[in-house]
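For reference, the structure discussed in these notes is given below.
Letters are used for the chains, namely A, B, C and D, taken in the order the chains are written, and counting of residues starts over at 1 for each.
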């Protein structure tokens, strides 16, 4: 269940160009968060909260890690927040990634600031003894983060648009060369998700989506996406952000 | 001349109920401020700046003291500011109190949060060797501040509305009992200024006025007051806040 | 009557606070945060004749002290609302107001009539002012004659008190208010959103897929207060006030301007508890400014 | 032509930034902060036929991301402005626009004609939209026929290009814009303030002595953008855009919406240097979003 919680910032640091890692302390969220869920963060002076994925959780230490990119005024402000400050967040919000207990090899495909939720997922799956293959795409070397963290979970291929780090190209360029996997999980820019679902249309997979939100709790109909049959819709904030790749129309 | 200046908060403390004393550091303003002038303070998240009188200046230490009362959202916010923070202010703004070199005894009449500019004036006049009598009115004992500071300048009578400190009543109740003085200077609530100018209509005196301001520099015509002959007007932010008691219509 | 209570046509409210239409869905989501019985009333999301999917996304944008929305009246249709949503709200000890929308006079009549058979809806809010529907809503909302016609039609079709929700996007709010009062409205609800737009700088195009959207939030409060003040001096039906309310002091401002109850919209998104926090704070604000009760405040500001 | 320059009827602007009428007096105060020659142009405070003292105080109130004002067109009268203020501004290398106001058609004509003999005024801004004058301004500003009549009269009386300043307090901004375009306006200026009110809680009465005032500042930017976008697609005369501008990115948003130059009002009160800071920042913002020059931006947003 979503709570309105006060979380204390334990640390905040730059981990890549314009990209920050913030560790937060909160009992409730650290005990209940599932991979794929997000925090809806209040930012002083802003009408709307900012949705940020949960990138990691340590239930013993009662910490939650988020990674975010400085995009506009809201994330710009969050980037200035110092340890000790208390944030007002709604969370854990949304559903999580569906995990099929029969899957033994999973592929994680992350693009840019879509990578964070996949780390929490990968850690969770690795703990359950599954084999993890990660393909992470970034704009350039300066944007790369969490390479070591993903390598600790399994084979990890980094691609950059300009080839300044890892292989040159898009995540979809390396997808052919991978072995078999039972399920993929992806989060990243819409064109990337569209390309992936087009390349492996029959593969079981789950994608995490973004949309501008009003309430973040399912009440305002701001964040809808049509279902695959175009006869209905889903709310990204509540029914998502994770959907089966076959469930929605991108 | 008014500058846009960055001032650093050196200290901030409560000196009476909802009343704060803040010491600021700034070279330009500390060298140029005259008694009666004010700072026009930018408060984050607010469209309009807040005018606050200069209550004291130390040109050697390059400090400026302001006293303010927590009234609404703006002063509430300023009250939370911590030492080390930098404020954006316009100042020194407005004209100062006119000082006639022939006056030997002056009366200062302050009401509530109108007291602050009179302190800077009193100190300046005392340094010039003039005799100072001060009558300061407050709502109640809890609201009284700067009694010792004014006593250091000369005879000081405190009155409170409820008699919980000093004499009971209004400043005007004790004005009869004072000896001769050459000029009075007053700042406080409008009804108090009206009462004073009515009691001593022929006495030379200067009053400092308040009005809601837009620009604070004389450009927007928000803060006008009719002249005594009703044929013209003055701008409180630029022509004032100090006026000869005979110059304007209260 | 208790300190916070207020009685309006069809609505015996334990307090004057209700979530605004479209900002609270049908209550389910916020019922996970608190007991909806604490609310004076609940205004449901707009109902239309049949299901609507609304506009393409993005549907919201943030603005200075406000937001734009162009949801486009997405809703499951009046039959579904009556079957699935009203029974849920009936579990709570609060009044329920149905927000009635449509593209044609007939659709308005149909939707209004559909609520006649539900026991748990206590009043209708006639939404003639949604700026995000192309077909007719906006004309109904800016032309006094059209507004009067739809009001009359809905009054005829319905057995419930009808509060007509006015659009602020007009030159003359007073003639709109008088037209619907003369047409039989039991109350007014004001204001709906002000039409606005934001350009997305990277693309150089409007950010909202619908191009324009409705501006809400604290930014529009001064416009709401002005319109309510202007109207309340000249009409005799009660006004449910809204537009930028986030605190109990804002509520007092609306009541002094001439409203008899208020709705809170956008603020729910920032703070899901805002309605109950306002309800808890109201008694303190009343006494701070010297009022005994809500009814003591109502109209004080306009009485001179 | 240089990167920031833009040419409009009567106005060869070195950059598209000018202070808005009423927010900059006649330039004297801000000339103590910076060299006014840096500005694209200066729009003077409204001029009326004879001196006006305006409304009682309080005349301003703060609102969320905005402010209300009810100055009431206080000004020394057109003769004094021509004698004492225009010569001061003539010292600077910038264009000067006179804001023309009045209560009657004749007053508008008189004021406009008075500027014919001054060399240093380059255009008129016809203020038919000031919400704080009771006698006629507001009717001129909300009725297309009246607006057309005053535009025609002023065009006949004046030898200068006329920019008509539109009020946002209308149901249909487009018909206002078209009416004044047809009547011969050389350009539009939009938007003026939106009528609002604030209640002073301790007294329970409107805070402004005039009761209502005009809402300005970032709060109204989405309304300005929407109206400029709507109008610029349908009229062919240029638009000077305004309403809530505080940054160079805001300027870009207005240009993309369809404005050809902009005015900055309320933001001067918060930061007296805002106009020059925006001018300095503009080249960076242009290149950040891939534009070569101001003329490269103008209309890009509305071209599809």
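Here is the rule we go by: a residue touches a chain if its C-beta (ideal position, glycine included) is under 8 Å from a C-beta of that chain, and two chains touch if they have at least 3 such contacts.
Predicted, not measured: the structure shown is a model, and the values here were computed from it.
Visitor: Chain by chain, through touching neighbours only, how many steps does the shortest route from chain A to chain C take?
Guide: Minimal hop count between chain A and chain C: 1.
Visitor: Report the pair of chains linked by the most C-beta pairs in contact.
Guide: Going pair by pair, the biggest contact count turns up for C-D.
Visitor: As a quick test, compute the distance in whole Å between the mean CA positions of chain B and chain D.
Guide: The computed centroid separation for chain B versus chain D comes out at 36 Å.
Visitor: Taking each chain's centre as the mean position of its Cα atoms, how many Å separate chain A from chain B?
Guide: Centres of chain A and chain B (C-alpha means) sit 56 Å apart.
Visitor: Where the CA atoms of chain C average out and where those of chain D average out, how many Å apart are those spots?
Guide: 34
Visitor: Rounded to the nearest whole Å, what is the centre-to-centre distance of chain B and chain C, using the mean of the C-alpha atoms as each centre?
Guide: So the centroids are 46 Å from each other.
Visitor: Which chain D residues sit where two or more other chains touch them?
Guide: 63, 65-66, 217
Visitor: For chain B, which residues are shared contacts with two or more other chains?
Guide: Answer for chain B, listing residues that touch two or more other chains: there are none.
Visitor: In their shared complex, at which residues does chain C touch chain D?
Guide: Its residues touching chain D are 63-66, 68, 142, 169-172, 194-199, 201-202, 204-206, 211-213, 215, 217-223, 225-226, 229, 244, 249, 252-253, 256-257, 289, 300-301, 304.
Visitor: Touching residues of chain C toward chain A in the complex: what are they?
Guide: 22-25, 28-30, 32-33, 45, 53-54, 57-63, 65-67, 69, 71, 74, 217, 266, 268-273
Visitor: Along chain A, where are the residues that touch chain C in the complex?
Guide: Those in contact with chain C are residues 1-2, 4, 42, 46-49, 74, 90, 211-226, 233, 238.
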